[in-house]
Each structure stands twice: as C-alpha cells, then as structure tokens.
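Before anything else, here's the structure in question.
Order as written gives the chain letters A, B, C, D, E and F; numbering starts at 1 within each chain.
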C-alpha cells in the first residue's frame, strides 16, 4: 500500500476498497454499512439521543491526544451530558491528498481505542479524499446515538436557587495545550489536553443517585460561554466565584503571557454539573474517584431564576457579568 | 498600553533567555536586560525582557499593602 | 503574577478596597466633589474592570480611562493605510493580535485575511523578521503600534533586519509618546481630574522622572502603578492621600520593576532607530512631537517610504473614542455602545482592543445581554 | 451580519451563536441539540439503520443541484437502498473562512427543501470554520437514521439465477455534469446532475409488492464498480448487456471526447435493483411512474452463483469481465 | 461516433465477426498457421479489447499489440527527467491525463502532485500556454509525448507561445515516428506477423503513401482502419483477404477521414517547429531518426535546454513492455502482470496508459479478480 | 495512439470552432482544417480538428460493411 493517501483512495474504486478493508474494517471490525449502504441496529428501545460534530483540530497530534481521540470524546461527551447512554458512533473522514497513511492508521487506532474504552461501537464510516490544499490534513465527523435513561433526572426546568455548579476538573488545559502544540507563538508547556470520554464518570454520578438537573461540556467558548448559554436557555442566574475556579498554573501563566482569559479557553474532557444543593458533597466525592474528576470543584451556584445571566464574583467581592466569547481570542501585547 | 508579565529566567543564552511563567515557558530576548541572571525575574513584553524585578522591593510592597489594609482611617 | 506581587490572602485586597472607599469618601467630604483619577494606561483600564475595582469603587472614585491604548489612539487614516498595505498580493503582513479587528473605513485586517490576504499574528516583532528570512520571495511588513514600552522592541526588530540584511522586511510604525499627550490633556483639553494612575510598563523605559512636570507644572499628583489588584488599590490609596493633603508628587508604587532612570539600554536603541515627529491622535488631532518615526537613514526599513500607499479621507462615524481617551465621556454615554458597536462589530478602536475603554466596559461593566 | 464566514463564526462564541440562530435554526426549525448537546427522539421501534457520508463536491453549485441537495440525497438513498425508511438526518458543516454567507444560506435552504421533500427531519447540526485554504469552500457530512421495514424482502442470500438487474435511469449524468461545471477541460453541456432523494420511488416499488432482493446506489465508481462489489459481496455472477444500458447522448459524447467509460461515472440519483425474474415488468412499470424513474431499464440478469463476478455482453456477443474502477479516471488523448 | 460510422443494426457487426472467423479459419487451413496481425495503434488495442473483438477472435486470429502507445514506448530515462522537471518549487507542469500515473524510477507525476507539486492535466497543449499567460511569475512546462497525430498539436502550442511571446512557457517533448519503428520491427526484431492494422489517426497527418514500403519492401499487407467495431472487423477482413490471395497492399479502410496525402497543413507546422532526431524506445533501444525534437531556433521553448535536469540510470525491473510493444509477448506472459503490476501500481507504462497492451488486457481480457 | 472523435462544427470563428459531440460541446482549434464549414464533421484530437470527414465515403463504408456481412465465404 502507498505511504500517502491519494485522490484515487477516495474514488470509490479498487484503492478505496483496499483502504477501507485494510485500515477501517481492521480497526472497527466488520462494518456491514460497506455491504448494505447502511448498518442495521436493534436497540433496546426507540428512545434515542442523537448528536453530531466535526473535528478540525490543528495540530492533529498533540500532548494528551489526537484528532481521533477528540472525535470520540466530543461526541460521547455530548451524549453523556445530555443524559443519554452512548451506544454507537458513525465516523466520516475527509482526508487531504498526500496525507501519510501511517498517520491515518494512528488516528484510526486511537479512535478505535477510545471508542472501546467508552464502550461504544463504530457502526458506519465514510472516507473522502480532497485535493492537496483542500483540507488541513484530516477532518473527522462523528455522529453519536445514545439511549435515553429510565433513571435520568436531567430537567433544566427544575434548576432552582441554591443549586450547586460543579466542574469536573481544571479549566483551559485543552486550549493552551493546543496553542502550545502549534508552536506559533513560542509557548512551551508540558500541559496535556484533557480530552477524554467522560461517560463512565457521568454514569457513576447519575447511578450514584445525585439529583443532576443539567450537564454541559464546556468546549469551544469555554466555561463562560457555555454557562452563559445555559443561563439564557433556561432562565437561570448563575454566580461563579473566581477564586474557586480550578486552573492549572501553566494555564494561568500562558494566559497571562498572551492576554487570554481561562474562562474562555476550550476544554475537551470536562463537564459542568448543576445539582441540587444537598448533593454537592456527594457529587464531589463521586467525581473524585475518577482520574478525570480528581480535581473536581464546586465553582458557583444558582442564585435565582429570571432573565438568565452569568455573574463572576471577583476576589475583591464585586460581581461582574460574564458574556459569550466575542470574536476570537487573539494574543495581545497591549 | 502594554501587557507585561513577570517571568523567571531558567536558562540564559547570549541574546535570549528561556523564561518560565508558572510552568509555561518561552524564549524571550534579553537585549534590554543583558545582565539578568538565572533565577531572577523579568517583566516580559512583546517577547522581550524589559526590566529585572527587584525582589526586595517586591517583598517590601507586600508588607506595605498589608499595613495599609490594617491602617485606621479616621 | 500572583506569586510575586500578590499577598497570599485576598482578604488584604478586600480590606484595602474598604480603606480606599473610606479615604475617598473623606476626600469628597473635604473637597465637595467625588475624587476623579485617570488611568493613563489601557492595561490599567482592563485590569481595573476585570478585578472588579471599577465596580466596587464606582460610587466613591471616578476612574477615567486615558489615551493609553495604542490601538485606540491611532488615527483612522493610519489604520486605513495599514489595511491598504495588507491588500497587495504576494505580501505577508504581520502584526499584534490587537490590530486584527480594528475597523478601517472599509474593512479590517481580519476581513482582509478572511478574503485570503496573508496576515499573520506574531507575539514578538522579531518573529516578523524571521518570517521575512524564511520567505525571501515575498515582502514582509510589520505593522507596529505602541507607546514607549513597545517602541524599543520595534527598534530591536529593525536592528535585527539591518544586521541580517533582510531586504524584504519593512515596518509601518505608528507610535505614540506619553508625555506630550498628558500635557495636551491638561493644557488643551482641560481634563477635570485630581490625579493620574501612571503606566507601570511605559515607566520601565521612561523611569520616574518623566512625570515630574505633572506635579511641578500642573499641581497634579501621579502614582506609577503595577497591574495586580492590590497594586492598583494601593496606587489609588496614595493618590487619595496626596489629594487629601494637597501635596501633589510623583510616587513610584512599582519600585520592584520601575527604576528612577528607566531602562537606558532600551532608550538608547529607541533613539538609534526612531526620531520624534508630529502625530495625529484619534479624536484629539495633531499633537506636535508626540510620536516617533523611523530615522531617515533606515528609510529602506520604513514601509511608509518603501510602498506607495494612498488612502482617502476616512468616513466620519458617531464614534466618541476621542472623548473616551480624553476622559470626557464614559462608554455608556456613546449612543452606539452595545448596539451598533460591539466587540464583534466594533465601530471605533476603543471597542476593539481589550484595553480600549469601551471594550473593557463591554466585557466587564455591562449589565445587559 | 457579515457577508463572509469568519473564523469567529466557528469559535463557539457570540458570532457562532448568531450564525446558528439566523441560518440553521431558521431553516431546520428549533434544534434542541443546541440546548442539550444532543437531540432526543422517540422512534416507533428500536430497529434502525444508520449511515454516514461526507460530501466534498466541486463545484458547490452545479446544474441540477448543489452540495446541500447532494448531501441529503446521498444519505437518504443509502438508507433507502438498504431497505430502510429514512427518518432523520444530522448535518455537519465544515466551512472555509471567507465563504460567502449568501452561498451558505442557499446551500442550507436547498438542504432543507430536499429534506422536506424526502420527508425527513434534520435533528442535529454542527458548524466548524477552518482557516482560509483549509477547505475548498464547504464540506458537509450527513448521517442518516432510518427505520427498518416490517415488509422488507431485501436479502442478498436470496439472489438467484434468473433474477433481473434494473437501473432506474440513464447512467453517468452526475459525473459528466460535474466535470463540465468545473469548466477545466472545456466541456459544455446542458446535462444536469441526476442528484435526488429516491426514497419515495423506492417506497413505491417495495410497497407495490415487488420481490426486491437487493438494491444499491451506483455513486462513486459508477455502475460497474457498484455491481462488482455487489457480485463479490454476495457471490453472484451478474451479466449486463451493453446495448441495454441507458446512456444519454451527451454522456456518450463527453465520454468519447475524454476517453471515459460511462460505466464508471458517478451517479447521485440512481438505484440498481435485483428483483426476481417474474417481477421485472412490474418493477419497470412502477419506476416509470416517477420522473426519476422514467427511463428505468432492465440492464442484465443474474446468471449464477459462485465466485462473484460481473460480465458485460458487448454488441458483438462476446462477454468480457468488468472490474472495479482502477485509480482515477483521467482524461486522455492517447 | 456511432451515428456516423456505425450501421444502425449491431447484427451487421455480429455477422461480420462470423465472416472474419470463417475467413481466418480458411486462411489457417491454407497456410497451416493462425493468421497474426499487429495493431500498431494503442487506441486499436483498447478498442479491440473493449468491443470484444479480441475475445471473439482469440482462437482464430492472433492480434498483437504494437508500439503505438506513446506513453508505453517512452524511455524510462525520459520519464524520470519529466518527473524531475515537475519537482522544482514554483513551477507549473501541465500534461495529458495519460502521463500522470506513469511510474518513474522513484515516483510518478501523480505522486509528485500528491506531495504538493503543481501538476495539471490539460486536454489541449494550447491550454498550457494560456496557463502560462495567466501565471507570469511562474515557469510553466508542458510535458509532451505523442506520434505524428499529436506532434502538430504540440507545434501549434509552440507557435502560440512564440506569437504571444510567452516567455515563461516551455515544452519537454518526447515524440515518436511510425515509419522507422515499423521498419525496425520487421528488419531488426523480425516480428512474425502476416499484416498490419494501420493507425487511423496518425494516418490523418501522414496519408496513405507513408506505409507503401511495407508492401513493397517487406511483402506485408496493411489496412488503415478506424476505431468502431465494424471498421476494425472489416479491416481485419481485408487483411485476411490479402493474406489468402497473397497480394499484399496498403488499403485505406478509413477513407472518410484519411486522405491519400494526409494533412499538408499539419505536416507543414510540424516541420516548422520540429526536426528528426535519434530516439530511444523503451525496450527497443535507440532507433536512428525515429523521433522529432524542437528545432534549434526555438530552443527558448525547449524545456530540455531551458532547465538543467540530470537523472541517473533508471533502475531495472522485470517489466516486459519492450517485448509487448514488439508483439513478442502477450501481457499474461509477464510474471508481474496482475500481481506486482496493476493499473493502480503499474510497474511498466504498458499498464498505465489505457492504450497500453497490459492495461487493455487487464481491463478487458482478464479473467481473475 | 491518439483518441480522435468525430464532432460536428456548429459555430466557426477565425482560429477556433464550437463543435458538438452528441450534444456535448467544446471549443476546438481549426488551424489544421481552416476550410471546415458549419455542419461538417471533424475528427478532434487533443483539442484540435485534424481532418474533415467526407460523408460520401462514410456512407459508402457502411454499405460496404453490410455487403461484407452478407457475403458468402466458401
């Protein structure tokens, strides 16, 4: 087999056939989609959850993961925070002509490993090859199907004053790890992306009997944007305490250098919980049992209902309002 | 006007130094602070060390603020 | 950085804030007006807002933003010209992240990039010289703005290009000086304030003496201040004390970083490559000898001379940036604020730079959605 | 709103929020995925079919359709030929910085119109923006979920000698229409791409009681590659008659000029049927009632079982074997 | 095109095929050997295979592929040089689709493109001149192969570049002539055949007379033939008749297209820009005066002179292309065929070009998966 | 050797003509067939018309083949 992906690998002919057989089928097991145009599944019930995301991360390989791992984590986490039990994934690859086959194999392997860890099957796949310059190496779409839980308590209408807001660990790791991995701005750090599927940890919290009213994964736009959207979507007033935000030193240092605010940095392995006040301790204890939840913290609370807004209490004690990320974060010198 | 961040010098070359800001590292110029020594802190702006931090004054400031905070204002 | 300039306990900051409030109220009792201070530096504007100082002090001390955001004070015509520079095919334009969204008459650098121009953000101007070395077939232009902190770094980039004979590198520099604008604010604009929070990082280069004229000529106190919460609070505290005692002076509240005579090496290289010139400030007009331009012997590095860029008169907008940087208005007094003018669609540069008074107000003081 | 898509439109902040509200939600209706990370569906049964495909067509707009139409058709057709009833779609956009918002609106509109025609809902979506040069304008992934039919007869193990092979219309239209639309080789034609969702027509055939044993849509690789794969997957010997292949004159003309073989040209609105011998006429009659099936034809038959292969009987009467597309089709002068 | 050269009814073709078989069998009866004809032209190779003629006649007439695929006969060293030309940065290389997959010693043009080189497929060589006009900053090289049909078109491209003074355009031409190679096949290679199916489209340029030496000097019949099923069958029919009657002649079975004296305009422009030269043929070695090179006065358009390209000796493979194009072997006799050598991973050029005997055999005659 | 396709000339310019091949059109050069007229057919190779088709001969050929097919071979 060639060492690079060529346009012919995406032309539906003999090379495409070989690529699918040698890379995808061997990693994901027999995919009946390739024989039937679609894969048939018998789910225990017709109550399902569906989500889709494309992944365009640059660089493709970074400390703590790669695009394959993130493509699984992102979709597993979306299903999980929606309160569903992830069941299966579809995977669509868009590959730039000239992409090294060895790298493709690595990505597919990592995708398969993470799916296996998360306990979900890859049930359908697709590969397209675009001309050199038509993509930045590799893009992946994953679409996830999950099963609705009987025991789910998720219901944002139940969000009430006093509810606790928790995060499963330190914020901004992914954003800074990726920026450093790009090497453009000269940042050097041993920070790793937090990207990871969180379904088992979320399972433990829900099956542990915590009264979870809402979950979200603070990916693009960070904790601030995610909580602003949540507050607005469900008419809640949420207050965070700046001093309680778990932030790693390296993230603080890099943010200081570039003039970034960690509240707006992307995370790929974190979940925000809104739980009833009485369950905050129990939630923390359950989270702390998982490596991904070791540094989980209560970072704020719901202080009222009404026109949704997110407030931040600074160490000085004054409260300022947080808004969505406005435009991109750009490194600044002034 | 000018974002400036204190950074600890951990390696020194002829024109540049490797600095550490809470664990994140960066190569910066030391054209304006040629005498900086490993272990000292500099203020970094736009990729250059601009000033060596005098730790005695830094410590004195903290003490001054604490005194200020405790001061009685009649 | 918290470990160096912050006390271990944030209780100190909270108590200090209370002391500042008490002192401010006594000041008002005595003088009959709310004490008003101008933070000259845009980084102060942002740090004051982000830390919550502006909010917590708002009924006790008026904190006015000054002309210290280099993006905000850059003349619209210069911005149009810089964007024009980026329009040429086969050219690489490098600049600070701060410049990307600044609206020109027709577009911004970001929209030029969106259209396919090669506009790159660098953290250090010296990186632009390296990019020029790596792309010998293309002209690389660095768009440089800044006050005295940044100008030495711009000079360092010119020095590197000169040393390595990087012929495809040049710089479009639009730089500003602090002293002339402070003098203009006081003597021409008649700004009504009781003191200045002086810029910590500009002072690294200039030193303490640069501001002595404020106390001597204008009877105006000033405190050179760092950017941590307690540093800023203590600076305001000292200003209030001087107002109360009517003993204006220039104090250095950032001694660990700012030397009495500044940084002579930085001053030297700045003077080697730059020479004073008249500059037009946004909303303020031309102020004589208030900027620096690349010296004639380095004209080959001066993009203004290397390329033939002509731009028309900029279109007028309702933007009140000029008033903002003179401390004559607060952002919520501009009718465009938060409506036609937001960080995503900024009308004026004060809304673009994170340091801009409107941007800081939008991010940290705004109450509405 | 800006006239071009910018990186900030994909950053998860305020602009991304507006883009989703103004373009996607308005076209597809309220998408609860944006509030819950996943969309919840209650299907009538847990027996589902899943398929995924990315669409990277160039140009994005071409006679007979655009990337939005094709993204719906492709996935609807994959579900339909698998024998499932298409139920819903997810849509993932990867957009190049600088892409005109007006074009995005057109694509989204066309996607919505086709989904509506096909009677499926778009239940989840995602938008990513990549840097200028990181994509060729716009790529779309669609993932489809369909419901298994009770009444389906699809079962390739039932393929037997004598079964008829039909195609729903002339072959190669899409391949040539796209090539001409690219304008590179100077081809001019009024040919339109055949891209269309075929679920209603396929429904009619199945509900009409035809004993359909297998279906496939001959997309990339064309009729030849598709039937070779089918023959190999299910151990059938299939013979086509060259003279019976429906091919439009313009496709023949363009193929002659460039040295292409219409059997390998892509189709985006065709379906191949294998039906029992006795149903060939009935199938034709049912197909002929649809505009998309007006030129349906019987093109061959199954002549045996064993090591799968595809044969072509030429007008001379000799039979030669057809293989998968080998490498890309390149225009040739010698 | 079916409507012009085909009878309405394909029954004619089927009956004609039966007549050919009968005639061939009579021929064998008479001579004791299966009649063997060489189709010189690669397009015939492909059309004979694709139409099913090769299959239906296989036990009655031996149809051998000749040296008429320009890609297949191009010397490995030329191919390496052409790929080398494409390696330079900032260069645009244009060529026919046929050339893209031809394996050089290390890579193909297609893999150069995959690596990021700018290699473009054009349908007409004149398009490459236009591409050069649109990209004045870049060198555009057209890689041209071909026999006498294609050479006038290459000359037309050179003429256009000369006329429009397109200084960044040049051509790497490796062209071949039919007459010298036919002579070599018969006199040096001693090919055992009973007649030639002569190339319809080369004859457009050359005319009928070009082949007279076959009958006169070698007692060898030849029929100029088109590419439709009935045209080819009738050509074989006529060859068989001449063999049976032992009356070798050159017949024109493609009179609607081929004139006795060919196309004088095409001949003229070809001679204006090209001059005969010695050429190395793959697997056959150097044949004196068997190719055409760009005339010295147009050296500025000659990429071989414009660029300094050196390539080492090509690596040896087991490829038997040389034997294929001399009619000395059929593809299934090569041990690499269908195993190490397939259209996706071709070892030799005969497997690349759709006209190549191995490629046509792979696509249309192969029995296995 | 050389793919060549019969194409009908439907528009004629000085150096080029628009030709039609079964409904697909293309601009081709007529440098080698300057006298071609609208309605005539040319053989197109690599974007150039190479020869004007003589329809009388084309018709004659078809008749010849039909005769050949019917011929008795003893």
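Just so we're on the same page, a residue touches a chain if its C-beta (ideal position, glycine included) is under 8 Å from a C-beta of that chain, and two chains touch if they have at least 3 such contacts.
Quick caveat: nothing in here was measured; it's all calculated off a predicted structure.
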| item | value |
| --- | --- |
| Chains in simultaneous contact with chain C and chain E | A, D |
| Interface with the most contact pairs, given as the two chains involved | A-D |
| Per Cα centroids, the chain farthest from chain D | B |
| For chain C paired with chain D, centre-to-centre distance based on mean C-alpha positions, whole Å | 57 |
| Mean-CA-position distance for chain D and chain B (Å) | 62 |
| Gap in Å, rounded to a whole number, between the CA centres of chain F and chain B | 83 |
| Chain C: positions in contact with at least two other chains | 1, 13, 42-43, 69-70, 96, 123-124, 127, 146, 150, 342, 344, 355 |
| Overlap residues in chain D, where contacts from two or more other chains coincide | 7-8, 14-15, 133, 186, 252-253, 256, 259, 323, 326-327, 332-334 |
| Contacts with two or more other chains, residues of chain B listed in rising order | 1-3, 5, 7, 21-22, 45-47 |
| Chains that touch, pairwise | A-B, A-C, A-D, A-E, B-C, C-D, D-E, D-F, E-F |
| Partner chain A, residues of chain C touching it in the complex | 1-2, 10, 13-14, 17, 42-43, 49-53, 55-56, 69-71, 96-98, 100-101, 121-124, 127, 145-146, 150, 229, 342-344, 353-355, 362-367, 369 |
| Chain E residues touching chain F - in the complex, by the definition given at the top | 1, 3-7, 11-13, 15-16, 19, 22-23, 26, 40-44, 68-70, 96, 123-127, 146-147, 149-150, 152-153, 156, 199-202, 204-205, 227, 230-231, 233-234, 237, 253, 255-259, 263, 265-266, 269, 355 |
| Chain A - residues contacting chain B, complex | 176, 180, 186-191, 248-254, 256-257, 259, 332-334 |
| Touching residues on chain B, where the partner in the complex is chain A | 1-3, 5, 7, 20-27, 44-47 |
| Contact footprint of chain D on chain C as seen in their complex | 110-111, 113-116, 342, 344 |
